[in-house]
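The structures come next, written out as structure tokens.
Each of the next two complexes has chain A plus one other chain: chain B in the first, chain C in the second.
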Partner chain A sequence: MPSDTLEAVSEIRELSYAEAVREALGQAMEADERVFLFGEDVGVYGGAFGVSGDLVHRFGKERVIDTPISELGIAGAAVGAAITGMRPVLEIQFSDFVTLAMEQLVNQAAKIRFMFGGKASVPMVVRLPGGSGTGAAAQHSQSLEAWFAHVPGLKVLQPSTPHDAKGMLLAAIDDPNPVLIFEHKLLYKTKGHVPAEAYRVPIGQAAIRREGSDITIVGSSIMARKAEAAAERLATDGISAEVIDLRSIRPIDFTTIAESVRKTHRLLVVYEGVKTMGIGAEISAMIAESEVFDFLDAPIVRLGGADAPIPYNPVLEKAAVPQEDDIVAAATNLVRRGEA
Partner chain B sequence: MSAHQKPNQRPELAALDDATVARALTRMHLIRKFEEAAEASYMRGLIHGTMHLSIGQEASAVGTTLPLEAHDYILSTHRGHGHCIARGAEPKLMFAEFFGKETGYCKGRGGSMHIADVEGGNLGANGIVGGGLPIAVGVGMSIKAQKNGRVCMVFFGDGASNEGAFHEALNMASIWKLPVVFVCENNKYGMSMDIGRAMAVPNVADRASAYGMPGHCLDGNDLAGVAAVAKQAIARARSGEGPSLIECKTYRWRGHSKSDRNLYRSKEEIEEWRNQDPIRRLEDELKAHDRFDAAALMKLEEDAQREIDAAVEFARTCPDPDPKDLTRDVYAL
Partner chain C sequence: MPVEVILPKVDMDMETGTIETWHVKEGDQVRQGDTIFEIGTNKAVMEVEAPASGAIRNIKAETGVPIAVGTPVAWIYRDGEAASEPAAAASLPPAEAPLSPAIAGPSAASGLRATPLARRIARQNGLDLKAVTGTGPRGRIGEADVKRHLEQPPRCIPAQEARPAPAPAASPSEGRLQPFSAIRRIVASRLSESMRTAPHFYLTAEIEMSAARELLRRLARRHERIGAPKPSLTVLIARVAARILRDHPVINASAEGEATRFHERIDIGIAMERDGDLVVPVLRDAASMDMPAMSREFARLRDGMAKRTLTPAELGGGTFTISNLGMYGVDSFTAIINPPQGAILAVGRTLDKPVGRDGQIVLRPMANFTLSSDHRIVDGVAAARFMAELREALENPEVLL
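Let's turn to the complex of A and B:
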């Protein structure tokens, strides 16, 4: 093959989301001896969702460590290692099990630096596969990210593309603070362009996925992807939607959202976590408290998870979280409102 | 008891009369066939999600629960179909749950990992490893406060015994002498984690001494042996002497769940344990002592198969839940 063809191939190299995360982990471990990976079944099993894959064979059992089923213990161990010079990356097998690790993440990891007057830092990363859509029912399908976004001292990310999954994980490993990354399980198999080198996607910056003028749709995690698909359909219906992928919910990029709403005058916020007291409430309030409020032509609309645990039955399960059709319908109503 | 039984029967088996043995065998067959049918339904796309099969572990579920009384409680795990059937749940309502139907034990809301039969004393399978252990303490407190003479048996895996919840629960049950029987089904692995890599003592039962309760380490594939020890532990709990920890050493023949590629264990190991089939072992022993002949044993198995086939048929035709009921039962009214 001529070399220019080879280059072209590498430029459009596609990886799945899971592969992108694995590549970031491998590159971080290669570059920095302080980085190590641990969690339940991350070794020879390769991770419950196949994310760690062959890493144990590449880096050995001392750096890719299978732990007993002890979530509180392993979260605390990450804190201890982080404050004494290591860079632990912890996998919580399903994000739901982080409930068992709350103490160490919320009382310890988030607060140690502050409580110690800035004399220590807690550079740890926690990866958490979350979300519904796999028929795993109420204790294996939750979207708990907003809980953690409520805690000063933690950073909370929700990358939605393979590109961001890699770049944000590398940025999180560099970050001197505890960073939680919620990875939607349905995204693991999705593919996208991922550069081969180790690059960083800055924490705290939303991405404009599609420019538009009639309405701003802000989505987090898989909902950003659904919003993009919905925007495509809205376009055929003559509605120009601007889609913002939140990417980071703490810190949150209010500037990008505000600028967009100033232009479109309408805002729809879509997220999978329970709607009540969720991400959308914060974004709506930020708009309502700012001068952008004056630019709104219609009330803000939120689409979020139902006020119910995730049901097992597949029809109910789908009905419990926003779907593409719901986004199209909500956006259409918002834009057509007042036209009738 | 059968007239022609041979005298050299071990006491654990002799203690079980023919009707009890037949009941135990039937339940073991039902569990095995339920799970085989669940697996087949999954392959045919009738079941959504994943499932955790206990094929190979039937003697533990059936043996421990055999001496329980009708009003006693159990708490189960993610690998809970066996416990549920062992307590007399109806396979057709379990299948309906599996298929997500409104007629299922949990109206299609819970699925495999959350099957509960509250009226039958099964306070639920659990998606959280170790989740049932502290709940058992509260059930024990309730039994004690209500002076109703019941017992609570709580199941968990070897892996669960590394959760803080295990240690907190055993301690509380012991200091308050609660009527709880802790049953660890040690199938050698917590997902891919070999017990030898996950804990520093060889047996989960060794941990009982730290909480001042008896710990029994058993061949979990020996129905009669398991039942004999469970009987003692249940009697101890009921009489107010406090909890016990029973460890049934057993093995799951299938992968952890549907996504397991068995990279952490050998084919030989699986084969070795398949030769310790708890159902075949009991049948062989019964035949050797002339307690049941081959035809009688075959009939028990066939009857179980028929019940499971009918259960699948029933469940398939049941109605789905209505999406407008999405938030029903989030709160009690």
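Let's turn to the complex of A and C:
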């Protein structure tokens, strides 16, 4: 959050998540000529979700580059540009398409700094619009962030607010390592306070969105927002939920989660990715393995995506990922009856 | 090498014990056989003797914290042994570390479910989770259950809390706060558990004691002749009860989950008082003893109790209990079942009372016997049949022949 000083100088204004990302891109490009954008339809069309917007007109086609439909090519070019000193920011139009870029991201970008003994680094940023809820069906709706959180050498961010979207993108561009930012498509139109100046939100620090004493609800991206809304409803039912917005899943801020669970004795992890082998499993295991185990008064509960491709049918699509009602029900069950 | 002092196994099924009191402090000289600490099990308090003579060093165990059997709790250094011997460095795991299945982490076999937090709080308070009722799914014990248990009277005050001097009373009218002794804590916990889980019902019978008195008189002469202790009414009642219980297996039984455990042997506990505490030594295989044998065994238990030489095995594990308060002038009373037994017999005083006999009012020595039964396993008629036979046997002892 902005400091008091920043608050004083920055005008209070609301931006959408998409506008906040665009503002960060523009400010980074103004400040550093090595920064350039790269992706399918990011130029004249302004990006599939309108994120890059008018940037091509402000910075020209040399710095906002429309690419052919080849994610492997985009990623490979970005890795090469980064090694040679540029600061590429690429957009994978739908995060699902990142499967095509796996070789460059996992085998190259993540490894190069280590395999060359630190003589080369890969300061690139990959923006990946992801998640379900737009009726885009199974190949355009996935949440694949956990795959990359499994890879040493990559950083994986999931900002949930316009404020964090801007601040974390600027921090990612500064970072000498490859950073993947998963942006939930449903968040692009959400609004929030965004300071006008360029600021950074540190990578690897979770945010406590709401303090509580009965249960800790951990989520990132849109699930942090749903958890906040659920906590509001839980409060009217006498349940005090603490909501932790992870913001970054690699590195993960385990300390904040552990301290919270030590206090509340109950943990609910909410994530949109498929529940099996997901982020929730990792967080649950970290708590179970830690000294916080002795402070648990109920089983750890995961709410994750269904073990199924995201359906096209809008009713089923909603049912396939945790919703606010599910969070309220799971938290209530856990606090009142101690049930998983 | 210094001699290790370990937490001994003083009872068959004991897995942990709690040191209630240290009788020695760091550096004290002890002789082999001196009492060095008192250990509490879930049944009784035992004194533990020094295994060697020398100086006590490296006292590792705190009082009031459950410790696994076999854990070294101190060392005895014989003359000439330097305090820096390596053995002393062998460090004891933190007193909290060896979690006993009984206290903090019951084995899967015990079927006890509790959350890690509940176990932690129980451990910190020296509380046996078996005494706590779980309200969570499948009976799981949670933090709230443990806290509720700790708050309810009579509560189990952990030893570490009991150790400091009684807290200064807020006002003189509040009186003195006496922390529970180890035995009081056990009694409180077990009897609360009994009242909570066993639905008690009570049958009272007023029984004429003329024949029993006469029998005791004659037996006294015989015992004197053969050198057996003088028979007491309590022993006679125990003898009669043991004989009758053979024909009433359901009274010599325990509720075990959703089953009745019929005990093969009849082990009769006799409630006694020692220094204000309730203890229940057991007449093992009571049905096999005649009156002289039972009188001898009873005398041995009573002496052993006074001298505190009885083992926990001798102080627990009965299958039926008799509590006689007649000598205090109590007319009749209801007793709380000694868990996990199924019944307890409360005996009041014998008093000459007017009764009708053959159309006449005559004075006869009468005594009230009240049987408390666990209705989960004993029905009213079964208990009544037992009482009817008890009456018949006490009023006409020849039926036992």
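Please note the rule applied: the second predicted complex is superposed on the first by the 326 of 340 C-alpha atoms of A that agree within 3 Å, B and C clash if a C-alpha of one lies under 4 Å from a C-alpha of the other, contacts with A are read in each partner's own complex, and residues count from 1 in each chain.
The criterion applied here is as follows: a contact is a pair of C-beta atoms (placed from the backbone, for glycine too) under 8 Å apart; a residue touches a chain by one contact, two chains touch by 3 or more.
Here the structure is a predicted model, which is why all the values come from computation and not from measurement.
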Based on the superposed arrangement, let me know which partner A:Pro129 touches: chain B (first), chain C (second), both, or neither?
neither
Could you say whether A:Gly212 touches chain B, chain C, both of them, or neither, answering first, second, both or neither?
neither
Considering only the touch criterion stated at the top, classify A:Gly167 as touching first (chain B), second (chain C), both, or neither.
neither
One more residue to check, A:Gly73. First (chain B), second (chain C), both or neither?
first
Regarding the shared-chain residue A:Arg337, is it in contact with chain B (first), chain C (second), both, or neither?
second
Go through the superposed model and pick first if A:Gly280 touches only chain B, second if only chain C, both, or neither.
neither
Quick check for you: in the superposed arrangement, does A:Tyr312 touch first (chain B), second (chain C), both or neither?
first
More residues of chain A in touch with chain C or with chain B?
B
In the overlay, answer first, second, both or neither for which of chain B and chain C A:Phe97 touches.
first
Jot down the residues of chain A that show up as touching in both complexes, chain B in one and chain C in the other.
none
Seen from chain A, its contact residues with chain B in the complex are 40-41, 43-46, 48, 66, 68-73, 96-97, 100, 134-140, 306-309, 311-317, 319-320
Complex contacts: residues of chain C adjacent to chain A:
115-120, 136-137, 140, 142-144
Seen from chain A, its contact residues with chain C in the complex are 265, 293-298, 337-339
Once bound in the complex, which stretches of chain B touch chain A?
48-50, 97, 100-101, 106, 108-111, 113-114, 126-131, 159-160, 162-164, 190-193, 197-199, 259-260, 263-264, 320-321, 323, 326-327, 330
